[in-house]
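Shared between the two complexes below is subunit A, which pairs with subunit B and subunit C, respectively.
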Partner chain A sequence: MLELKDVKKTYLGGSTALDGIDLTIGPGEIVGLFGENGAGKTTLMKCVLGLLRYQGTITLDGAPVTTRNIARLSFATCEHSYFPALTAKAHRAFYQEHFPNFRAKRFEALMDFFQLPMGKAIRGFSTGQKNQFEVILALSQGADYILMDEPFAGNDIFNREDFYKVLLGILEPEESILLSTHLLEEVQHFIGRAVLLHQGKVAGDVTTLELEEQGRGLMDFVKETYRYQADRVSRALDHLTDRE
Partner chain B sequence: MKKYGSALGPAARLSVWKVLLLSVLTVGVQILLFLAAFWGWGSTEHITPSLEETVRVSGLSLAFAAGLVLVCAVLVLPGTERGAKTGYTLRRLSVDERVLVLLWGGLNALLLLLFWGVQTAAALALARYYLHTLPAEFSNHQSLFFAFSRAPYLHALLPLWDWLVMARNLVCCAALGLSAAALPFHWRHGRKSWALLPLAALAVIFFPSGMDNVISSAAGLMIFGSAIALTASNVWRCSEHEE
Partner chain C sequence: MRSKLEPLARLFPMGWPWSNEVMGAACAAALSALTAFALFVYRFGSAVDDLYTYAPVSWERELIPGAMVPPYPQVLGGAFLFFAATALALALLPIAHFLFHRQGARSDYLMRRLPQRWEFARRCLGGSALLLAGTVLTAAVLFGLFFICYLTFTPAGCLPPDVWATTGG
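This part shows the complex of A and B:
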């Protein structure tokens, strides 16, 4: 169980990125993390991984995240965290050395599925291939909680669709995913729960089952939560037209 | 310890061949400079310059200085996160990042020693070449020894009995190596750190000096020794009091 209690993060400049986040993610959950730019999605993930200092508590099965249990968390980010000069083969050796639960079979299967070369330095990959490789590493690390921050930025729709399908097929029941993305409609059938952040706070938290029971779609839920004004475009246009 | 070795692997892969290449390139430039000075002098002055004078005029120490600065830059590169935030991976390993930085500094120091060693071997080869071209009455078995005792640059490369200069050079390599490892560490944690720049400048200035000057060598030793202590303590403290 990954548990965040009253997590706050204020940057040196004084801006508040996280303002008392309470969130629990259990084993096997696939959670979509949504929010506008600057809502705190990336900051939240970095706090969980210990990449940023924060106030509050973040625990993994009751224990704080330290070098002892950090291997239970993996991270795929659109900023990329692989070693550009190393080949995929060298990454496999590196990850096997550092992550005892590394899933070599899954790594090879995914490399094969995406037809990525094992002997080429990653910096020679295309943007889409780099994203795929980043996600492959996160999925193969053998982590219980896989954090993904906009992992498909730069990938075409076919690649993304394929990936969701593969992902659902390979995940073990105890593996959890926290996926931050703006591609709501694409991931709505893939996730089991949606968490909405707004100005550093949890603005909404709902399972897709609850939405189904209520007969609502994820997009409706998001629009309601953010009090989206559907007529704002027409109002703006009218206003502009009147002026002219 | 195996995990630390593995964590250093990507940096080592990136640095070793680049340092070797830079060492060889520097030697290439030095050979050209030395031959230009040696043959240029002979054709205009019609006299045979001493080895020490040829070394001084050819500007071998300048080529060494430029090579040293470039090697320092190359040592910093693996940690600067160009193209990817490798720090995210390094910081997720079950190793103490502070220990990793110290070991990374040790690796850098070894690579600087390699650069120094290649330059020393090149200087010895150039000196031997010079002595071979002289008539027998102008050179003997001790000529090489005298040259490395009298020319500041050659003496700094191979200080022979001068243990203070030898110690200064070793400590200088350690200080530069550690600073080159600490710089990307601080950058990864969102802090500015430029200590390597003044240290590299000092190394370049101090290197060919100190012969027969205990104060200069001791000062160099103290400065680089203090830099090691300060850099190491800074890495330890900053990690504890991170933002």
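This part shows the complex of A and C:
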């Protein structure tokens, strides 16, 4: 279980990115992490991975995240964390060396599915292929908790659809995913739980089952939680064009 | 040759052209050694020449009574400046190694979340440290060899009382 207790992050200059986050993600959960730009989604993931200093506690099955258990976390980021000059084959060797639970079979199956070349340097891939490769690495690392930060930015809809299907098909019951994305409607059938961040705080946390029972869609939930004003666009246009 | 050096790849960032760096450092060290050797030979040769004069009639070379060669550091002068420049460049290379992890992607994120705590530091610092050590060792060996030459080829009685005079003895 990945547990965050009262996690706070303040950047130099005093801006608060995370303001007392309490969040628990259990084995096998697929959690969507939503929020406007600057809500703290990326910061939250980087804190979990130890890439940023923070206040509060983050534990993995009760133990702090250290080099002893960090292999249980993987990360796919839209910034990409592979080695651009290396081939997929070289990445496989590197991951096999450093991550004892690396899933070579899954890696090869996904590479094959997305028809990515094994012998070409990653910098020669298209944007979509780079995203695919980044996610393939995260899924193949052999981690229990897979963190994905806007992994499909730049991918076309067909690509993304394929990915959701493949993800649902290959995940083991104990594998958990924390997926940060703006593509609410696309992922609503893929995730089991939605967590909304707003100004560094958890503004909403609901399972998709609860939403179904209430007869609400994910988008409705998000809009309600953010108190979305549907008429704000028309009001803004009226103001800009000086309409009565 | 490259296959023999292959284990060195583990001391450099993944995808870094490490063999070029090793070759570059080796060439820089060789050039520094040649420069140091040439400068030492020239300066020491001049210092030994200055000990002699030519007899007025026979034009035979003879030692000037009481003449001495300068202390060793003065003879060396700036002979090791190229080594210093090479060492400085190698000492700064880890910065380039670190920044390489931010070129085209953020592979530093991956390196920082590896279960092997020192992997990232090793790949940023290891190669440069090894090459720096090699350069310093080469310079030290040459420094010693030149000193032996200084002691051996200086005519008897022409060494200064304190051969390290300008370094504080």
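The rule we apply is simple: the second predicted complex is superposed on the first by the 242 of 244 C-alpha atoms of A that agree within 3 Å, B and C clash if a C-alpha of one lies under 4 Å from a C-alpha of the other, contacts with A are read in each partner's own complex, and residues count from 1 in each chain.
Rule of thumb we're sticking to: contacts are C-beta pairs under 8 Å (C-beta built on N, C-alpha and C of every residue); 3 or more make two chains touch, one makes a residue touch a chain.
Keep in mind the model is a prediction, meaning the values are calculated, not measured.
Applying the stated clash criterion after superposition on subunit A shows that subunit B and subunit C collide.
In the overlay built on the shared chain, the residue A:12 is in contact with subunit B alone; subunit C does not reach it. Looking at the shared chain after the overlay, A:114 reaches neither subunit B nor subunit C. In the superposition on chain A, A:53 makes contact with subunit B only, while subunit C stays out of contact range. In the superposed model, A:163 lies in contact with neither subunit B nor subunit C. Within the superposed three-chain model, A:102 lies out of touch with both subunit B and subunit C [touch as defined at top]. In the superposition on chain A, A:86 contacts both subunit B and subunit C. Legend: residue contacts after superposition of the two complexes on their common chain; A:125 is shown touching neither subunit B nor subunit C.
Judged by the touch definition given at the top, the superposed model places A:71 against both subunit B and subunit C. Across the superposed pair, subunit B and subunit C both touch subunit A at residues 49-51, 67-68, 70-71, 73, 75, 77, 79-86, 90, 94, 98, 122-123.
Touching subunit A in their complex are the following residues of subunit C: 14-16, 103-110, 112-117, 119.
Across the complex, subunit A meets subunit C through its residues 49-51, 67-68, 70-71, 73, 75, 77, 79-86, 90, 94, 98-99, 122-123.
Note for the complex: subunit B touches subunit A at residues 2-3, 6-7, 9-10, 13-14, 78, 82-86, 88-89, 91-96, 242-243.
Taken in their complex, subunit A has these residues touching subunit B: 12, 49-53, 67-68, 70-71, 73-75, 77, 79-86, 90, 94, 97-98, 122-123.
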